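Each structure below appears as structure tokens.
Shared chain: subunit A. Partners: subunit B in the first complex, subunit C in the second.
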Partner chain A sequence: MAAVPAVPSIFSGSTEAIALVVLLTEFAMLRAHLSRSQVRLYAFQSLAVTALAVFVAATKHVDQLYVLAGFSFVLKVVVVPSVVSRLLRDARVDIASSHRFGVATMVLLAIALSVFGFFVVGSLPVHSKSLPAPALGLAAAVILVAFLLVTLRSDVVSQAVGFFALENGVSVASLVVAAGLPLIVEVAFLFDLLVAVVVFGLLMRIHHGRARTLSTEALDRLQG
Partner chain B sequence: MGWDLIVILIVPFAVSVICWWVPTRIARALTLASGVLTFVLAVLLVPAKTTTALSGWLRVDALSVVFLVAVALVYGATAVFAIGYVHPAGDPGSAARYNRRFFAGLNLFAWAMAMAPVVNGLALLWVAIEVTTVVSALLVAIDDTDRATEAAWKYVLIASMGLGIGLLATIIMYYAGSTVFGNAYELFYPKVLSGAARFPPEVVRLSFVLAVLGFGTKMGLVPVHTWLPDAHSEAPTPISALLSGSLLAVSFYAILRFYQVTARAIGPAFPRGVLLAFGVASLALAALYLASQRDLKRLLAYSSVEHMGVLAIGMSFSAPIAIVGVLLHVLAHAAAKSSAFFGAGSITRKFGTKDMSRIRGGIGALPWSGPMLVLAVLGLSAMPPFGIFRSEFLIVSGGLQDPRDAVAAVLVVGVTLAMLGLSWFTSRTMLTPSVEDSSRGEPSAWIVASMVIGLAALAILGVHPPGQLSDLLTRAAGELGAQR
Partner chain C sequence: MASTHEFRDVEAWVVAVELAPAQIQVLQVLTILVFAPLLSGWIAHLEARLQGRRGPRILQPYYDLAKLFRKETLVPEDAGWVFVVGPMVAFTCYLTVPLLIPVLTTFPLPLGYMGDILGGGFLLGLAGFSVALAAAETGGPYAQLGSSRAMTFGALIEPSILFVTFAVALVTTTDLPYFEAAAARASLSQVIRPAHLLIALAFFLVVLNDTGRIPVETHAGTLEFGMIDEARTLEHSGPLFALLKWGSAMKQMILYVLLVNVFAAPWGLAGSGATGSVVLAVLALLGKAFCVGAIFAIIDNSFSKLRLFKITEFMAAAFLLSILAVLVLYLGGG
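Take a look at the complex of A and B:
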């Protein structure tokens, strides 16, 4: 008789569920047809990450996480999505089906990468005080799928959103391994997001201004 | 003590802010003053043991000073070059706007790079490197051409993804430390190093691999180097010199900090193996790509990838002499590559193109910067008496003492192939006489002066490095665990 696996506690069950939602949102981003819906999905994913931070802060009594969650809500759920959607509105184009592969192929690739990330990183002997260890594997999967999002979709919006999704993956990972991060690392996080918004926004605008498109088709002059 | 660190923290930043408001003439003078001052302060730090300031948030040891000197040297030389650098477009209004952004950006970029070796701790180091990405990406795009925009987009996307991984590496290293120090501790180097021996080995391994992948993206290690040739070739020349001479070195510095902790925690064999794999890939691919370049600045960019490969391979050897060689190589590469980019800037101004098939008789058309560019390229190809000859000699002799001495053979073959690619370019563009009669003369005396600075430094490093500098390199190698 095999040993009966222990039933997960409510805490670990719910945190794992939220981490899974973060990953599944990214799958939805991968298959989203319009850039606009991709941006909305990103906002939703960020909301899930914020919820996770609040949940950990409340149950583990890490007060500074509330501050981080607050900033992360303002920046990732409100500012970044609104900046990008504004850009899309100004550009008056909506990019549809900029996939390099079919949706099925992309999702299969994403599943393969997620499984790889989940099991490789999940097998590490990480004993977290704040979150159950499988969440770290899920974070690794989020990060790997973000790379797919950047490489397989050929428009600058998807590429930028892919980068922001990678950030979300790193956020989840940091919640798992280091909920009581020193303040300086948290500052680094927020700083990273802030400048990313500025730089990505600026460059997208320049690119659109020059090429009249947000597709990366025009970005093929420099090779070799 | 430590006032010099505070001056380095304040002056280039302040100059950057001031440059936004003042006329171009004053911005040039201030940039020059700030570049020279930073270099002098960096050199003054060479004999000191360890200097700290701001209750430990700023701290330089021998390893930091090596990289600070490399950054400051290129900053100073670039400030000289920038006086002779003229905005490509014509009308005065847009030129003034361009110059304002250019000088503010140049100083801010140099400031962020100088901060990276000066700050104490992995998290602050990451922040400094992130600032360099942001500022330099905007500087790459500053020419506002289609090609520059494309290069800037690729750069910011790839480098940001890389630094995202670098942040993950930092956080995981923090976790490794929290198993020893508890949750609330700062990631200061002495503290992390003191407990490293008790860190959980698997976690440290993961952190190191992620750090090499993440910061290696900014350093230009193959296969995550793809932004590098684009950004180096499309950026304005002074920015290319800073990117190649200092920024790559600063990213290497970040990897070395992770190496230091990892070697202390799990022994040097694992980090050496990782660096060896990336180093061999970089050297081999760059040596092959060098032979097929048509664009002068892309050629120099691939030469940077080659030299970063040499650095990574050098770190994989166990002999202390190889590590001293690696650190000398950082300084020599900074001097040689910035001179070469300055020369390329002079050529581009003279011939109006970077396309090497359309450049002929460079040495005749440019009486000073032409021959000096040839010298810089010879320096990059590790010809004596230049600094890269000495550093690669040290690395190879270290490699021959290593149990894996076959790697030293790979290193020699790769460097030779790269030399062939570079000399092919030199003979075609510089030495082949021009069919058309082009005028003889230099675009700017300041460009010549900047090249003289770089080449003089390169020759000093090769012929006879000052005793205190050699002492510094030995101490820095010791900090990386060389004497054990």
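Take a look at the complex of A and C:
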């Protein structure tokens, strides 16, 4: 009989649970039909990442993580979602049922991809003082599923939200690997996100202005 | 004076008289058998109340069963013996499953190790199969539609059940429901570990599917095209129909018991055979089952039914949760 696997401590159990919420939100984005609900899910996911940062800061006494959590709350939970939803309101496009496959198929594909991420990262000898190792596997799964979101949904909003969610995955990974990273690096990283918001905002505007739609289906056709 | 003396006697009797394990085991079956219609009545009543209707009284399912048992049985012309035997086999299966699962006690009863989670699953599967056969035997189009759909969706939800079982096996190194419940009772860190939360959630979705609730099926609908489980019983009448109705109420209660006493809230069970604690365990079980019923009634009233071809999305969600549970366990920790 195999030995009974060790029960994770309350700390690592709850951090893994929060990381799982981040991953499950990612799956919900993959499924969501309305662009609006995708943006809301992104805000929720960012909230979970912020909560993770606060939790690590409080239990491991890494004070600079509070500052990071504050920045990430203001930027990712409030500013970015409101900017994207304002763009959506201006575009007056509501529905983005742009799945290239059925939802069940996409979820199964995403499961396969996250299994791959889990096992590849799980075999790396990474040990962290601040977060349990499985959280790194979860972060890798978030990043891979974000790629799937970008490739398998054919509308600009999904691609923008997918990219932002990818940044959330990287945030979780950086919390695992380098919670003690100098604050300036982390903040610079967050401002990268702002650049991405500007770029994707421009993309949405210009694409909607030219094609009268947010779908990217028609991009491979010649116009003249 | 005499009455207080008597009272003390009763009190002493409640504490001192130990029920034999075999007696408790019979009591487990009786608990499910007797209280299953009450649970159905409670959910129907609550649902009606939430919709602003007065609704049937809570005891209505008992009156329905009594009425049906007094009626005659009509068998379709072309139906053979399977039509008659099917409901009986199913009912017997539902009587057997409570022997295997922790209904009232934390400690395993003599026949408790006769089958594991998969064994209980097989029995529930056999029950579903025999009802489906009995329905297919009639030649009635709606009953056949129901039985074919029930088998299809039953097969689609199966992977989630299997992965829940795998996760239980990884946590406890057995797949006996008693051990999973004991693990959850052992410490708080067992309860909040992600694997436990995920399998509890996945099993919740499985129960939602298997009891024929929204978003998979409208429970009290009369429109045959949306029916899955309900359509199978359309051709039965009289005592056979009563057995089917009673059986499905028992199946619902068995699944609730598994949900609360194995995964979600395995507290409040009897730790010994003392009469008092066993009676308390029955009351606690009823309380927990009523709470779960209330949650299901609220879900019934707040969501709409999924289109038939969208039900796979629901199954995919249940599968996602259960496979993630196994994965985080494999990654270490979890």
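The criterion applied here is as follows: the second predicted complex is superposed on the first by the 218 of 224 C-alpha atoms of A that agree within 3 Å, B and C clash if a C-alpha of one lies under 4 Å from a C-alpha of the other, contacts with A are read in each partner's own complex, and residues count from 1 in each chain.
By our rule, a residue touches a chain if its C-beta (ideal position, glycine included) is under 8 Å from a C-beta of that chain, and two chains touch if they have at least 3 such contacts.
In this text the structure is predicted, and so the values were computed from the model without any measurement.
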Please tell me, clash or fit, for subunit B and subunit C sharing subunit A in the overlay.
-> fit
Return first, second, both or neither, reflecting whether A:Ile143 touches subunit B, subunit C, both chains, or no partner chain.
-> first
Spatial angle subunit C-subunit A-subunit B, Cα centroids [nearest 10 degrees] | 150
Just subunit B (first), just subunit C (second), both, or neither: which does A:Phe116 touch?
-> neither
For A:Gly13, select first, second, both or neither according to whether it touches subunit B, subunit C, the two together, or no partner.
-> second
Would you sort A:Tyr66 into first (subunit B), second (subunit C), both or neither based on which partner it touches?
-> neither
Which superposed partner A:Ala196 touches (first subunit B, second subunit C, both, neither) = first
Examine A:Ala104 and indicate which partner it touches, taking first as subunit B and second as subunit C; both and neither are also allowed.
-> second
For the superposed model, what is the least distance in angstrom between any CA atom of subunit B and any CA atom of subunit C?
-> 17
Common ground on subunit A, meaning residues reached by subunit C in one complex and by subunit B in the other = none
Subunit A partner, complex, touching residues on subunit B are 121, 123-124, 126-127, 130-131, 134, 137-138, 141, 144, 146-147, 149-154, 156-157, 160-161, 163-165, 167-168, 170-172, 174-175, 178, 183-187, 200, 202-203, 206, 229-230, 233-234, 289, 292-293, 298
Show which residues of subunit A lie in contact with subunit C when the two form their complex.
-> 1-10, 12-14, 16-17, 20, 23-24, 27, 31, 102-104, 107-108, 111, 114-115, 118, 122, 132-134, 137-138
Subunit A contact footprint on subunit C (complex, rising order) | 170-173, 187-190, 192-194, 197-198, 310, 312-313, 315-317, 319-321, 323-324, 327-334
In the complex with subunit B, residue positions of subunit A that touch it = 121, 124-126, 129, 143, 146-147, 150, 156, 159-160, 163, 166-167, 170, 173-174, 177-182, 184-185, 187-189, 191-192, 195-196, 198-200, 202-203, 206-207, 210-211, 218-219, 221-222, 224
